[in-house]
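Everything below concerns the one structure shown next.
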Amino acid sequence: MHKLQLIGCLLIVSLLLSGCWSKRELNELAIVTALGIDKVDDGFEISIQIVEPSEISAKQPSAGRSPVITYHERGKTVFEAIRKITTLAARKPYFSHLQIVVIGEELAKSNMVDVLDFISRDHEFRNDFNIIVSHEVNAKEVLSILTPIEKIPASKMLNSLQASEKVWGSVLTVNIDDLINTLSNNEESAVISAITMDGSKSLGMSQTNVQQAETSTLLKYIGLAIFKNGQQIGLLNAEDSRGISYLDNKIESTVEIISCPKEGTLTTEITHAQTKIKGRFEGNMPQLKVQITIEQNVGEVECMLNLGEKKTIEMINKRTEELIHKRIEHTLQILQQDYQVDVLSFGEVLHRKDPEKWKKIKKDWLAIFSEMPIHIEVNVKTQALGTMENFPVRNEKNMGE
Amino acid sequence: MNKEMISSRQFTIITLLCSIGTAILIIPASITNDVQQDAWIVASIGVIFSLLIIKLFITLGKRTPSFTFPQAIEKIVGKFFGKAINLCFTMLMLLSAGELLYFIGIFMKTEIMPETPSMSFVLLFGIIVMYAAYLGIEVFARSAEILFPVFAFIFIVFVLCISPQIDIGNVQPILEASPSSMVFSTIRFMSLFSFPLVILLIVFPSNVDVQESATKGFYIGAMIGGVVLVTVILLSILVLGPTLTSSRTFPSYALAQRISIGDFLQRIEVIMAAMWITTIYIRMFMYFYASVISMAQVFNIANHRPLIIPLGMISMGLSQVIHPTIIESNLYNQEYWPILATIFMVLLPLMLLIIAMLRHIKAPSN
Amino acid sequence: MLTVICIIVASIIIAFIFIPSLLKIKDTKTIVIFSLLLLIGALLNSLNALNIHVPSPLIPLVMILSPLKKILDSWREGGTRK
């Protein structure tokens, strides 16, 4: 009798284990990998990129169907548009595996802060996706391009973003938490990587784009977009974007090209870079100092140089220092004078240094920032020459020319 | 009737988990809102001052070692006032139990399953707590003993996994908050951390087998609980930054979402949530059990068991009406709960202790 | 409506489980309190199930405490002004 009761109890309890109230099984999900938001006259147009599960699986040969499907819908708000998508999508979109959010150029230039509210408020959105803006195309078009190698275009966008941040430095990965943090700390200023489309749009949308060795339409990062008051106010070119990366201590590895004494160039590989921003107050005037320590290798020599000499190495160090110094100076000038934005939170450095004095200058910070001189100190060390010393083809005879 | 007994080790574990309770979920946001990056300092000060509060509870408990807290109240201030105080105390405990059920419901509803009615979480949780109360404090203590290693393991994993993302700059500049806001935040912290430990007088010292080591356990449990809370607050600020910590509804959960080790150990936030579900269960049981025991005391009912289901039903019902929205809940926990907790959980024991001293009520020396 | 019936049926079952054993030991006081609390519980949950708004029990509590809070607030502001 006792046993029967126990079994009965277990059976009843097992009813509770069958699932959750709001359960959604895999076959009911449309996994969204990228979300694009554009501004249109009466609100927003959103585009979502959904993976086609059968095309992604490695086993099955492709049936010629596109690996992703992109849907577009307009709505007064982002949330409305997302819910309205169910009228045209086969399944309800599921955002927990979102990899990238593309903000359309027009939206970025008007005001994107309101859009971020939804993204960070909704529970299905996590915080591990990256945010980028589109340049000269709208987000809808960016999401329509098919890419080779990575079947899911969102993965391609994410991977090249991460890879070029790591080895080149002209882009920055920015997730929603970073963005909200920087937008709230400064005068709603931030930097976000910008993507553009290279080639014909209509070709990029068709499967033929990925069927040839030479891809006709490509997605490509071009640099960093600068935001102030939640609006995009400018776009930095690759050089200045790398300047920003240096200043933000985000450079892991990159290359620098310096000119040789006579002619030709020498390319160095930065293997380690560390930037320290130091702030202090002199009286009530804030002072900032940028200290960059760099370790590099010689990567490519296209001129006559005897790398065996210590003098040459010193020359390389000095020229790299000058080059980076110049670039940082230029970048700072753009930030201070052209845009007057403190995207790198220099103010926060001063705030940490002396909260009392910071309070006094906080109101006029942007004005002070645009005027103040920033001392730059670059320190380069060349450690290795690559896998050989002097290139044997360029021998003494050639050198004497 | 055999008196139920728990070991001093079990008591330490209950103290530890009970002191963490709901605080782990709501404290980072509420105090960071006020003192920004200095929240962890406030919490550390709070933990240290909490030792005094615990000293008070222990001194009071030892005056009447063989009585539960409600019995002790009646013994110290007399039958009439005792019953009045006990009735208020019962109400407060019942409300708090309902509130904790509300927390479980709103947490699940906000972060994990928004379409599910919160009553379904409340019902499942309420049944467990009622069942535990029915089986008694001994069984409950054993369940706490089983849950503790799970909690400790998850907590250690949590700390280890999130620590690579620390950014030291987030806590600077140190001590920027004004002294008065720090004082108020400290009280706010203590009102959610150590003040509620007064309910442990229900089992201490009357149901604890070795009083001396349980006294030590009271301090140690609360200390470790405090360290856990300070760690969570510190990590929230270091990883999320003060702005996000104060704007997120549940910063600890947002923190757990951040965990990502080598792109494969990630999306484990729901497992991390087991941490606060455990501690909320422990604190909720204590509130609920206290309300049952003191209700029984008010009406001189020898066997408290029949009261469990009706009171459980009431607290489940309360959980649905107690806060119409999360805004009221935040306001209540920020502004009114600290006052209420100070009155009932600090001033009341203090008053009881003074009266007990004046009336020379103390443990029979043997 | 179905939920309300469930609540009432559950309450009756609970009453049938507890009351007979209490009757045996003639503990009328417990029976009265038990039934009263059960009634309150069933009523509260039924009202919730019927979506009838029940004011939060914290409202009177908050009303009692608000003068005290005002005093504290004035202290706090005084503290920050300094």
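Order as written gives the chain letters A, B and C; numbering starts at 1 within each chain.
Following the convention adopted for this analysis, contacts are C-beta pairs under 8 Å (C-beta built on N, C-alpha and C of every residue); 3 or more make two chains touch, one makes a residue touch a chain.
Just so you know, these numbers come straight off a predicted model, no measurement behind them.
Under the stated contact rule, the graph of chain-to-chain touches is a line, running from one end chain to the other without closing. The innermost chain, defined by the distance from its C-alpha mean to the mean of all protein C-alpha atoms, is B. If each chain is reduced to the centroid of its CA atoms, chain A and chain B end up 43 Å from each other. Mean C-alpha positions place chain A and chain C at a centre distance of 54 Å.
With each centre defined as the average position of its C-alpha atoms, the distance from chain B to chain C rounds to 21 Å.
By the touch criterion stated above, chain C contacts chain B in their complex at residues 11, 14, 18, 22, 27, 29-30, 33-34, 37-38, 40-42, 44-45, 47-48, 54-58, 61-62, 65, 68-69, 72, 75-76, 78-80, 82. Within the complex, the chain A residues that touch chain B are 16, 20-22, 96, 123, 126-128, 177, 180-181, 184-185, 348, 351-355.
On the side of chain B, the complex with chain C involves touching residues 95, 119, 178-181, 183-184, 299-301, 303, 306-307, 309-314, 316-318, 320-324, 328, 332, 335-336, 339-340. On the side of chain B, the complex with chain A involves touching residues 110-117, 120, 124, 169, 172-173, 176, 240-241, 243-244, 254, 257-258, 260, 266-267.
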